[in-house]
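Next, two complexes with subunit A in common: one pairs it with subunit B, the other with subunit C.
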Partner chain A sequence: MTGFLQVFLDGLSLGSSYSLLALGLTMVFGVLGLVNFAFGDMIVWTAFLAVELTSIGLPLPAVIPLTLVGSVALSMFVGEVVFRRVGTQNPLSLLLVSFGLSLVLVALAVQVFGELALMFPSPTALNTVLQVDGLQISMLSLVNVAVAAVILAALFVLLNRSRLGLALRATAENARTARLMAVRPKSMVRLSFAITGVIGGVIALLWFMKVGTVTPRSGLDITLKAFIALVIGGLGSARGAVAGGFALGFAEAALASWLPVDLRGLQQALAFVVVVILLVLRPQGIGGRLLDVSR
Partner chain B sequence: MPEPLLSVHGLVTGYGPNAVVEQVDLSLCPGESVALLGVNGAGKTTLVSTIAGLNPLWSGSMTFRGDTVTKAGPEARATMGISLCPEGRQIFTSLTVEENLLIGATPSRRRRPAATAAQVQERLARSYERFPILKERRHGGGGQLSGGEQQMLAIARALMSAPELLMVDEPSMGLAPAVASTVYGLLRELKREGLAMIVVEESSNRALGLVDQCIVLRGGRSVLSAPVGELPDHATLLEVYLGSSTSEEVTS
Partner chain C sequence: MITLRLRADRDFGRVPFLLSIASPVLVSLVVVLAVLSLGFMLRGQKDEIILVFGINALLVVALQVFVGSTGIVSFGHMAFMAIGAYAAGIVSLPVGLKAALLPDLPGVLKTIELPMFPSLVVAMIAAAAAAAIIGPAIVRLTGPAAAVVTLGLLVIVNQVLRHAKELTRGTQTFSGVPKTTTFAWVFSALVLAVLVAALFKWSSAGLKSRMARDDPLAAETCGVNVTMARLVPLVLSAALTGLAGGLWAHYLTAFQANSFYVAQAVPVIAMLILGGATSITGGMLGAIIVSTWAEITRFLEAGFEVGSLHLAAPRDLGNLTLGLALILLVTSPASRDHGAERGDAEPCPACSADWPSSGDPELEVERIAQALRGPVW
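Let's look at the complex of A and B:
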């Protein structure tokens, strides 16, 4: 029972990060039809910003808000300057541009910060591990879960209870008709990149506090996790993204603790096998139909 | 002669290199309504989409309530009081019935004061009064409604912005005759309330029973524009203007 609960706790913590990541991707996918493969690299740049801010001596309470602002600015800049210019006519060109952007961001990061891993600021208080009845959970994991819960709740309210959220969902479904209701697609693209920026900033802080270091090439892992969670959940569905994130989190936690030690090296590969099986059984993903609120 | 609500002069538009609507003139006074008739591909939907601002004018001009709106986008025109109930209804299926209505309540900022929350609630209540079935289904998905209910929702949504001009593209398409009659009953009611309307139909006695003027499009050009009282008899109308018994090619 303790083993099961431990897996649950680990999965919850991993799942909260993955859910946020998948939500970040799906926001932009909804209105622009773009799966942004540079998402992870944008998060890495945000993490470098946090490292730099810390290195000039700013305390964490100042670093956190500045990092979030930087992340939103980067996301909106990329949305405005890179993706919106490409246009939505051809989703494939958007995809290719995002691959290109990913390569550029990595190369630039190598130039600016070098290949070596940089220490990421992490307050010691967050690294303490709580032990209760044989269960272990780090403070950071708890913070991770709590922050994710707050962001998920805020996004839920925004999407379902505000005119802005309605406009965003309407645009994601049918931008042309939404324009007849005075909803500007341009504003919705900006809004989605802004939301993605907030999520990216939060992830940059939480993810690298856990990992401890950041390198220019750390982005690929983040993008892949986000993408897997998104595909499991079903593209374009916010609830699906959350479900997919938690599914991936629990699957990883289970594999990590129950796989025979010899096979632990295959954990990542096995996670993909689980994804393949799931998609064969349910090609639209978990939430592929949840997009329709009535079902 | 009162000042026209909508005035379109020499409108030309199309897609890619092909002009779909050419040199169309249209003038509508407040409270007046016009039927836009023509066979499939005659350019009716393109014309109303262009008036709504979804397609740019290649040439020609358009004014609404005396303001030139030739270059305005659909968002601006929506906030000015032009509302299009588009072809195929275009209900947002990922939104509930009530959310579909709420998104229709455009926050009008240009030239008209923004709808207050109280006004939006009032319009919502008015919609439910007009369409009790929508109230019953308000928390259900927009995609769960029958064709007739979707048409009512589409019209109700278009009314949520309190428009001064309502354009309805093929309101009876795909509906059983009894349901289509209900929809037209509603349009008549709106006309009585003084709403100006453009109703697009392929060919419909129902539409002619509702409106004051009739414009027939063929091959993107207006081949007849007359008050309903001065129209030729129905058989002639069909044969000569809608081309039902001719084999003339219609550009699409």
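Let's look at the complex of A and C:
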């Protein structure tokens, strides 16, 4: 029973990170049709910002909001300068552009910060591990789950209970009709990049506090996780993204503790195998609806 | 009553068909001649570079078969290359070395030692078989989801190769493959691949594939099996990629699973997009441009002396410029209408004009409905 609970807790903590990742991707996908290959690399740049801010002597309470602001700025800048020029609903071009952007971001990061891993600021209070009845819970994973819950709730309210959210959903559904209702697609794209920026900033802090170090090439791993969660959940569905993230989190936690030792290294491969099987059975993902192919 | 008609991008009959195929094959022959005479002029100083260019060009042509006829961008073709390389390596490793390096090889693999040609055939078959197994999952998806799954394929193959210790030595370097890859092998493989790619592109199967790419609904309505129309180019493309992998194995002689990963896929994808994903000739052109540029940036990154100054370009200049080129290319106004397929001048095969078939091209459609997608949340 304890083993099962431990897996559940680990899965919950992993799953909340992955849900946030998938949500960050799906916000932009809904409005613009972009699956952002460079998402992980943007998060890495945000993490480097946090490292730099700490190294000039700022305390953590000042670093966190500044990092979030930086992340939003980066996300909106990239959206404005790179992705909006491709035009909406051209997923293939957008994907390729984000692939190019990923190359550029990694190359620039190598140039600016070097190939070596940098220590990420991580307060000791978060690294303590609580022991309850044989269960091990780190403070960081508690914070992780709590932050994810707050963001999910806030997003739910924003999307479902506000005029702004209604406008965003309308644009995702049908940009032309939304425009007739006086919703400017341009501002909705900006809004979605801003939301992604907030989520990216939060993940940058949580993810690298757990990992401990940042390198210019850490982004690929993050992007892969986000992609798996996104595809499991179904593209373009916020609920699906959350479900996909938690599904991936629980699957990884279960594999990590129940897989025979000599198969441990195959974790990520097995996660992808699950994705492949799932997609054969249900191509639209858990929460997604079938896209109409004619578009 | 709805009438559907198909149009091919070539006239019907044997002569136009041969003409369509002739142009990329001729271009490939010109490229091969140009490259070989360049190699001759340099008196063998840059042989390595020319050989690597040939294998890259082969990879691009192979990738074009899939991307050009399905519209799915594959980030995962390195997986097929890896499978081809390991397959060729395992069957051609000298028996003596096998006992030392791979003592746990199963069954007949332990005792065989194939020469170059059969080992390349094994490489092609292995890669094609892998594609046939994983393919049904990839081809059921479209657009970004399919691209993500190809990336997943690469991750799966990479991790499996690193764990199949009996076959691949796991994370250790796989070494001892006979170094038999020569100019003749690489460039005849390239010409052969171009021929196969062109034959497929203008064959009836290729036409169906491109129709399914442009308009899956219309294709399905015309009785094209969209799944098969995507699966066939995938398997073909995987076989050619496996061939490139086999040649690569016989060139490198020592490699590991991480020699075939995302970083290695970058230049090949850039070559394809630069040249135009719908064109075989364009692919070869892209290979020439990107390979040349890679040499220039390598030279710049190493630095050079100007008088007493040592000038060096920033590290990673190659990737930086490739990334910028991709962004500028796809966001440029000229390519916006065509999406990723720059230089895509060919008309959509699934429109107007006449399909010279016997019988009525007419079709009755009833009870058509369209489902609308709900809100994002």
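Convention: the second predicted complex is superposed on the first by the 287 of 295 C-alpha atoms of A that agree within 3 Å, B and C clash if a C-alpha of one lies under 4 Å from a C-alpha of the other, contacts with A are read in each partner's own complex, and residues count from 1 in each chain.
Keep in mind that, in the parts below, a residue touches a chain if its C-beta (ideal position, glycine included) is under 8 Å from a C-beta of that chain, and two chains touch if they have at least 3 such contacts.
From a predicted model like this one, the values you see are computed outputs, not experimental measurements.
Put subunit B and subunit C next to each other and count what each touches on subunit A; the higher total goes to C. Look at A:V129: by the touch rule set out above, it reaches neither subunit B nor subunit C.
When the shared chain is aligned, subunit C comes close enough to touch A:L224, but subunit B does not. By the touch criterion defined above, A:R169 lies against subunit B and subunit C together after alignment on the C-alpha atoms of chain A.
In the superposition on chain A, contact is made by A:V276 with subunit C only, not with subunit B. When the two complexes are overlaid on their common chain A, residue A:F156 makes contact with subunit C while staying clear of subunit B. Shared-chain residue A:T177: touches subunit B; no touch with subunit C. According to the touch criterion, the shared surface of subunit A, contacted by subunit B in one complex and subunit C in the other, consists of residues 169-170, 172-173, 291-294. Remark: subunit A residues 163, 166-167, 169-170, 172-174, 176-184, 291-295 touch subunit B in the complex. Residues 71, 73, 75, 134, 136-137, 140-145, 147-149, 151-153, 155-156, 158-160, 162-163, 215-217, 262, 266, 269, 273, 314-317, 319-320, 322-327, 330-331, 335-336, 339-340, 370-377 of subunit C touch subunit A in their complex. On subunit B, the positions that touch subunit A within their shared complex are 52-54, 73-76, 78-79, 83-84, 86, 90, 92-96, 99, 102-104, 106-108, 140-144, 157, 161. Of all residues in subunit A, only 26, 29-30, 35, 82, 85-87, 90-93, 95-97, 99-108, 110-111, 156, 159-160, 168-170, 172-173, 220, 224, 227-228, 230-231, 235-239, 263, 265-266, 268-269, 272-273, 275-277, 279-280, 283, 285, 289-294 touch subunit C in the complex they form.
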